[in-house]
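Below are two complexes that have chain A in common, paired first with chain B and then with chain C.
Coming up: the complex of A and B.
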């Protein structure tokens, strides 16, 4: 760690990991409710568990992105962070706001939460992924603005690199697009149309900028490859992400009351969306092959290559599977979507944050470039446990989805009758979920028991 | 990548390409907003339907159900529930109204939301309005 202010990242990473564990626990609860319908009913109905699962995901990834930015921006800018105090203050604001929101979800019926937070005055609640009360949304905007000010000032006053500029662009885009979460017209079609400006343009737009720049940073640090080469790749990847991803939004405009030309626009451009992920995979492997040094943090390099590959599989391949309109006509709103969502989020965003944490952790703990061998071995086990189990979760949900389409959409059986026939897939998904949580716990153990490498190891 | 493809070329593709497609996207959005009044059933957007959307949102219905295929996949699609229930507003209303508070042993069950009569009517009207949006013939059959 070259700059003292980078240490503030540790707080963010700790919160991210804690909330990640919470997210997975609620995922297991939901998975069980799929086969054991009245599990925890009516204490934690499925909709509450799902809201906690998805919102925790978003919040911990945001913690992860912010922590990553606080860690790498001083190094890239070659100066201390503009304000460590502001970073700490915003951390507590975000954590308290997030915790209160989750507690609100769990302690009272959602309608009551809407009432006590005054949703009637400015209704924004009750839309998928944006369930948080309006006041929480305002809090997110304040935190995002303060964060961007802090990071932006650091970048402006220091060295500007392609990595830091693209990361900042992605973060600014994230904050600006979130403003559409305040637009909630009564017209359902317009509501859905602009809801996607938050959801799609985040995960298939500006978040890809964040992911690519974080990946580029770790690859520069661990391989020692020349920045000129990395920068060129980075520009090309983010160019392809936006060129395909912006009009790719059209793949959500097939069946929601929008004109039918979106079937063409959405199909063609979203079919190209795997390209940036494919480039990221080639990029990662290429850089590692051309490495000028063997970095002692092997676990971080494994995560970096893993995130590129799994993002390509989950976002690229599993996205392509159901993105063409004639296919999506049958798959839309089935377990196929859930399958894709899981592997895409895990591969692209969960893994990139774990990559950065893995890279930064030994520095933050004062262990030098890497943790001790034992901790790294544990971490690599956790990598395989989580990644392989998530691939299996995806395969089981894909199996469930195919059968669901066959029985419900083609054969015409009722939704609930079909769900019962899918139980075996849901049980296997739950088993894979248990392996995933074991992998996550192993990751946490590896991180929290990590030591400084012994002298002969370090050389 | 060799010297033929330079960093500044890559940067220009990024800025130029992104800007170009942002503009096209905005143009298509503008066109969509001009043409959707023919598709989005806005004539049916009464005060009651608007209130129904609030009831729908305040009870987080999307946390279990899909609506026009978007939402959670735990419970049936509701964009065509009006047709599935034989165009009977009463049947939808009764279903929501009489959910057992303690659930059904071993099975998935919708929570009892304790909606007032007026809220029930509103949310049913919202579902009727939703069912008449032109969705390009989606879903494939009545089961949603």
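Coming up: the complex of A and C.
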């Protein structure tokens, strides 16, 4: 760690990991509820578990991105963070707001939460991923503004690199698009139309910028390849991400009451969305092959290559599977979507945050460039456990989805009748989920028991 | 410098070292060009399929277009592409003032294309056609506007190149940026060379 203020990242990473564990526990609960309908009822109804599972995902990834920015920006800008105090203050605001929201979800019926938080005065609640009360949304905006001010000032007052400028662009885009969560027109088509701009223009637009810049940072640090080369790749990836991703979001507009031409725009542009992810895969492998040194933190390099590959599979290949309008006509809103959602979020955004944590952790703990051998081996085990089990979750859900399309969309059976026939896939998915949580716990153990490498190891 | 020029370009233009490195220009720009070509080819294939499914709509839709405007634009864009290539060759043989002249005329022709195309698209919208009229008009207007944006970007690139040539940033030994920009501009006219007959002429 070159700059003291980078240490503030540790807080954010701790919160991210804690909330990640929470997300997975609620994933297991609702996975079980798929096959055991009244499990934990009425304590935690399915809709609550789902809300907690998806909202925690978003919140912990935001913590992860913020932590990554606080770690990376001082080093890229070659100066201390503009304000460590502000970063700490915003951390607690965000954590408390997030925790209160989750507690609200769990302790009272959703309608009561809406009433208590005054949703009637400025209604924004009740939409998938954006279920949080209006005041929580305001809190998120305040935190995002403060965060961007803090990071932006650091970038402006220090050295500007392509990595930091692209990261900042992605973060500003993230904050601006979130503002659409306040726009809640009464026309259902318009409501849906702009709803997609928040989380989905994130994941197939500005978050790709964040992912590419974080990946580039770790690759620069671990391979020692020239920035000039990395910068060119970054420009290319960013250009392709925006060209394909913005109009590609049209693949969400197929059957929701928008004009027919969206079937053309959405199909063509989103069919090309795998390109930026494929470029990231080539980029990562190319940089590692051309490396000028063998970095002692092998686990971080493994995560970096893993995220490039799994993001391509999950976001690219599994997205392409059901993105063409004539195919989506059958697959829309089936378990195919769930399969894609799981592998894409894991591969692209979970893994990139774990990559950064893995790279930064030894520095934050004062262990130098890497943790001891034992902790790295554990971490690499956790990588394989989580990644392989997530691939299995995806395959089981894909199987469930194919059967569901056949029975429900082609054969015309009812939704619930079909769900019962999918039970075997859901059981296998739950089993894979247990392996995933084991992998995550192993990751946490590896991180918290990590030691300084012995002298001969370090040299 | 290349001692034994075997390539015809090198013979025509002394000092143009074809063996220096291939492809000329920045590799990343080439990847970008191929990605762009991929996007357009997907649209061309979509156009073919949509036409196959609904030939009457496409025949009657085509009658609303003026092929002479398309022809004018073809001439403008091709000439502009040729001038950009000529600028690269002039730069390679050290004739910077000639390169600069070629670039400015190339820009002028590119802007001419934008005026004609802008008039055409504006005319269609004014006549009541829009993206939602039918699949022909969607594809015509969308591909046309999408290509239009590429011409805008291309003209912008050419302006930057012209400014840099004027500043003396390029020369026989330094042409990476110029080659990359000219290659991109050439992609824009190649796409038009397919778009024009496909949309305006083929019956």
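The criterion applied here is as follows: the second predicted complex is superposed on the first by the 459 of 459 C-alpha atoms of A that agree within 3 Å, B and C clash if a C-alpha of one lies under 4 Å from a C-alpha of the other, contacts with A are read in each partner's own complex, and residues count from 1 in each chain.
Everything below uses one rule, namely that a residue touches a chain if its C-beta (ideal position, glycine included) is under 8 Å from a C-beta of that chain, and two chains touch if they have at least 3 such contacts.
Keep in mind that what you see is a predicted model, and the values were worked out from it rather than measured.
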Exercise for review: State whether A:414 touches chain B only (first), chain C only (second), both chains, or neither.
Suggested key: first
Review point. After lining up the shared chain so the two structures overlap, which partner does A:321 touch, if you call chain B first and chain C second: first, second, both or neither?
Key: neither
Point to revise | chain C versus chain B, contacts on chain A by residue | key: B
Practice item. Answer with first, second, both or neither: which of chain B and chain C does A:153 touch in the superposed model? Key: neither
Point to revise | Which of chain B and chain C A:33 touches, first, second, both or neither | key: first
Check your understanding: Is A:84 in contact with chain B, with chain C, with both, or with neither (first, second, both, neither)?
Key -> neither
Review point. Where does A:428 make contact in the superposed view: on chain B (first), on chain C (second), on both, or on neither?
Key: neither
Check your understanding: Is A:119 in contact with chain B, with chain C, with both, or with neither (first, second, both, neither)?
Key -> first
Practice item. Scan A:51 for contacts with chain B and chain C and give back first, second, both or neither. Key: first
Check your understanding: So, does A:260 touch the first partner chain B, the second partner chain C, both, or neither?
Key -> both
Revision key, fill the gap. The shared contact residues of chain A with chain B and chain C are 232-233, 235-236, 239, 243, 259-260, 265
Study note, to complete from the structure: chain C residues touching chain A in their complex are 26-28, 31-32, 35, 38-39, 42-43, 46, 131-132, 135, 138-139, 142
Practice item. Using the touch rule from the top, collect the residues of chain A that touch chain C in their complex. Key: 232-233, 235-236, 239-240, 243-244, 259-261, 264-265, 267-269, 271-272, 275, 279
Exercise for review: Would you tell me which residues of chain A are touching chain B in their complex?
Suggested key: 30, 33-34, 36-38, 41-42, 45-48, 50-51, 109-111, 114-115, 119-120, 123, 125-128, 131, 184, 186-190, 192-193, 228-229, 231-233, 235-236, 238-239, 242-243, 246-247, 249-250, 252-260, 262-263, 265, 329-330, 332-335, 337-338, 408-410, 412-416, 419
Check your understanding: Where on chain B is chain A touching in the complex?
Key -> 1, 5-7, 10-11, 13-14, 17-18, 21-22, 24-25, 28-29, 31-33, 35-36, 39-42, 45, 49-50, 53-54, 56-64, 66-77, 101-109, 111-113, 129-130, 133-136, 138-144
